[in-house]
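Once you scroll down, you'll see the structures, which are given as structure tokens.
Heads up, the next two complexes both have chain A, just with different partners, chain B and then chain C.
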Partner chain A sequence: MARLIVDNKQIETDDGVTLLQACLDNEIYIPNLCYLKEMDNPPGSCRLCLVEIDGHSQPITSCTVTVKEGMVIRTDTEHVRRLQRTAFELLLSVHRVDCKNCPANRKCELQRIAKFLHFGLKLVRLDQLERETTVVQDHPCLEYVPTRCVLCGKCVFVCQKKNGQAVLSFAKRGLDTVISFFGEEDKATATCEECYACAEVCPVAALLMKEQ
Partner chain B sequence: MKQNSKEKLKEVFASIKMDAERRFREMKGDSSQNIFIGMATCGLASGATDVKAAFEEAFSEKGISARIIPVGCLGHCYAEPLVIIDRPGFPPILYHDVTPGKAKLLVKAFLEEDDPVFEHLLGAMEKNDLIPWIMDFARFNQEKRVVMANSGLLDPEDIYQYVAKGGYSALVKALTLEQEEIIHEIQDSGLRGRGGAGFLTHIKWQLVRDAKEKDKIVICNADEGDPGAYMDRTILESNPHQVIEGITISAYAVGAKKAIVYVRAEYPLAVKTTKKAIEQAKEIGLLGKGILGTDFDLDIAIFEGSGAFVCGEETALIQSIQGKRGMPQPRPPYPSQRGLWGKPTAVNNVKTMASIPPILNKGAQWYRGIGTERSPGTAIFSVVGNVLHAGLVEIPMGVTLRTLIFEICGGIPNQKSFKAVQIGGPSGGCLPGSSLDTPIDFDSLTQAGAMMGSGGMVVMDEDACMVDVARYFLDFTQKESCGKCTFCRIGTKHLLDVLERITRGKGRQGDIGLLEDLSLDIKAGSLCGLGKTAPNPVITTIKYFRDEYEAHIREKRCPAMMCRTLTAYYIDLDKCARGCDACVGSCPTESIFTTKNRKKGIDQTSCVKCGECMASCPPEYDAVRKVSPPELAPRIERPQETVTHG
Partner chain C sequence: MKKKTPMDNTAEIEQEAMLHDIASILRTFVKEISNLIPILQMIQEKHHYLSPRALQMVAKHLKMSSSEVYGVATFYNQFRFYPPGKHQIKVCLGTACHVKGGDIILENFERKLEIKVGETTPDREFSIDRVACVGCCALAPVAIIDDTVNGHMAPSKVEGLILGFDIEKEREKREKQQSEAKQ
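The block that comes next holds the complex of A and B.
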């Protein structure tokens, strides 16, 4: 058992859990997109779950920190909020906002984070970065929408976990990075048809079951 | 180690060394003539292969007995191909820019007629009464060669040459010491990692040594990817054994039995020489099982990286060896705790590894005597761009940028003035003239806004547009971002887009502030070193050259006249010579027309601003002008087509 102070409030948590998990378990919400409780080594890629920890000069991702007795944490400092808002704004700049027609509407993580950070879904500072491909239909039973994808990697993780070997992974570099099935479409059919773990875990409906 | 086994170890090595010295003596027999040709990548690119063939041909034609010894790189890339001729009666003489023709001339004049051809030599390698000693020149005497002491002086593919010159004696010494003693020696030397961040080497080693896990791994990071940087490549091509000796010592110190050299596949020659060096070391018992008769085993493998810049980051490098996508992982756990295959791993740069043997040989105190208090030792830079004597330079830490650029590297060519120097590759910063007195060491450079990085240094003259320079580096980092984390993947693309629109004259009010704000957030929020340092070129160019940004945005003017959209060429009618056609043929878009009084004008609507007309205008007229903003170019209308065809 470890006791921590988060935003001036004492919380108790099991040893060995991540700081992010400890806060979420204690109903302290920290925005996050790429974290799952089952991950042994969270990727720390969305950069939203930043917090300030006493003794550290810079904000740190709470998903990569294991709780320690006596830790003093702030989840809402000016610097943390500034970085979270910028990270969110960046994600928004590659996300086609079309909530009305999006299957994730009202259960979308981006909507939740926008609400939490009091951040509108309209870009003010940055220009929208357009993508060439809007929908990828290569897979026999899955549809991939790069203009929604936040590249959290949860789909890759759950597929790996459930099937031993992930049939989807990241491809390309930089802004062109996408989730790809690497031409394994046919082989994958058998398992994918009964699985859909990736589509279920996707926080923004970028991976969808194809309508039969 | 017990006394008698120490003696045995020394005995084993003594016989190897004797063998090496015998071979070396035979090769350099008193009467024989030796031709050393620099055949590292820089030499080959300048035509060393043809030079070698020319020498061989001349020898067989004239029946001269002389030995050709291919060697690595001396660091003087501006003068390649370099050849050293060592023959009785003369000091060894260094010749520069040797062509096949020059090679034949040297054979005839020098080898046959004893004329050292003064006009083609750079200097003598030893002090003598006949020819100026190279050490009389700043490019040589202001350097301090520790890592590169033997670069360009021995055949990288011949282990015996290295051994004969004292190589592997540090390993023998190390094997007689306790592991802790070696780490202490490194601690006393103050050696900091040469990969860029300057982390203390002994701390890394100690962590790996102290780790409970039995299997440990040492990785030598040769995944050099900065544009314009080629230090690691040259070291591996010129003297791979010094690196291998360093790796072996470090593996012994941390208790590893496996080591990997991670080198990019784009360095085929470095891969080849390193492979060969490992084989040779194995053959004579300096690697493999029971090294030099001790119970220390080490295998060194080579892993060829596929050229992703981010794989120079240690966690991404480890992912890549494991067959995964090269994406950095959050630290902790550090590789020293959980690295390759989950095992404690010490990752050190090539230059760090190559610094180990001299430190053990000459002692920590000697090493501390070089460089500064907090950054002991030497720094190796590949100085490129607008300098007279570009190439690899090894200097003691603490030398100022001014000394390095203006004295050692000969300053800026073509009577142009210095504008900026980019240090540390795309992760580094651009420093202006006012920073020239900054001493080169880890902390001073970081303080000035640049960083030591792995040692790339690009010198720019007055013609460089600093906004465009920042755009260039961001274009690189943005493409090389692994795409994992939000700030780096998307943030650098926005930086690039804003910089691009500024260079195209589409900059908006507030763009400078936006660049600054985004840069700070990307630095603070990114996952790995690539993202954390990617905005440095933007931050430093804004800090030191803000007026250039403002000129681009407010006046649509590029002060260096480099950004094409913001410049225009025109022909000064007062200077243009009536009837002269020199520029017309040079124009690729037929934008040059003849005015009514038979002078020339440029059609701005079709001009692509290539500058060919300026280059082709005879100097006595010098009539072509370049201006920014383009509106400054006077409008000269193309006369209506009056010639009727047919």
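The block that comes next holds the complex of A and C.
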């Protein structure tokens, strides 16, 4: 057992869990996109789960910190919120906002975070990245919408965990980065039809089951 | 089904020969994941590009998933996925060329040849690449075709350059036909 103080509230948690998990378990919400409980080494790539910890001069990603007895944490300082809003804004600049026509509407993680951070889904400071809206249909039973994808990597993680070798993987780099099923078409038909773990874990409906 | 042209056939034979050679390259490498990039480099050095089937062979050899191999290969700019064209077009996107609208020139080539940067036309006549600064910024925007530097590029010049190559090709074809007729 470890006791910590989060936002002036004392919480108790098991040893060895991540700070993010401890907070979520105690109904203290911290925005996050790329974290899953099963991960041994969370990537900390979405830059949303930042918190301030006493003794650290800078905000730090709570998914990469293990709880320690007596930690004092603040999740809602001005500094943290500013970093979270900027990270979120950058994500939105590559995400085609079209909630009305999106299957993830109302259960979308981005909508939840926007509401939590009091941040509109309209871009003010940044421009939208111009991209063609294409749906990738390479896979026999999944479709992929790059303009929705936030590249959190959860799908790659769950696929690897469940099937040993990931059917999908990140491809290309920078703003061109996408999730790709390259060369897995044969294997995919055998394993994917019964799995769909990637589509289930996707927070923004970028990976979808194909309608048969 | 489309009938196979002789062109398709030669391409197929070429592909088979290449895969055969890659198989022998693979045999010289220990099946370790750390060998992935050296293998890809070796294949590209010999065959100038990485074909989808080559990537799948590498994945099988290293017991990795193909998508992972593809992910690694596409991350690095050094790897090509299309055979280089007979005429290689390199559009400069260095700082000076960028400021002078190098991206517009690139877009013009892409539209004219109906391929994207890094790709090759189906007839293997042209391939387009982007390069970062070729050292003659005063001539910006610059495009290099084969070994010729073309300075002060403009959309109209793109049109003219490609047309020049097409005319050249036509002429060669006619000359060849004439010399064949003579024999």
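Structure notes:
Following the convention adopted for this analysis, the second predicted complex is superposed on the first by the 210 of 212 C-alpha atoms of A that agree within 3 Å, B and C clash if a C-alpha of one lies under 4 Å from a C-alpha of the other, contacts with A are read in each partner's own complex, and residues count from 1 in each chain.
Everything below uses one rule, namely that a residue touches a chain if its C-beta (ideal position, glycine included) is under 8 Å from a C-beta of that chain, and two chains touch if they have at least 3 such contacts.
Remember, predicted model here, so these are calculated numbers, not experimental data.
Contacts of A:Asn105 after superposition on the shared chain: neither chain B nor chain C is touched.
Touch criterion met: A:His79 reaches chain B, while chain C stays clear of it.
By the touch criterion defined above, A:Val94 lies against chain B but remains apart from chain C after alignment on the C-alpha atoms of chain A. In the superposed model, A:Gly183 makes contact with chain C only, not with chain B. Ranked by how many residues of chain A each touches, chain B and chain C are led by B. Touch criterion met: A:Phe170 reaches chain B and chain C at once. Applying the stated contact rule after C-alpha superposition, one finds that A:Thr133 touches neither chain B nor chain C. Of the residues of chain A, those at positions 169-170, 172-173 touch chain B in one of the two structures and chain C in the other.
Interface residues of chain A facing chain C in the complex, by the touch rule stated above, are 165-173, 180-184. Only residues 41-48, 50, 58-59, 61, 64, 79, 82-83, 86-87, 90-91, 93-94, 125-127, 129, 150-151, 169-170, 172-177 of chain A touch chain B when the two sit together in their complex. Per the touch definition, chain C reaches chain A in the complex via residues 52, 55-56, 59, 64-71, 74-75. Across the interface of their complex, chain A is touched by residues 308, 325, 327, 329-330, 332, 478-487, 489-494, 497, 514, 517-518, 521, 524-527 of chain B.
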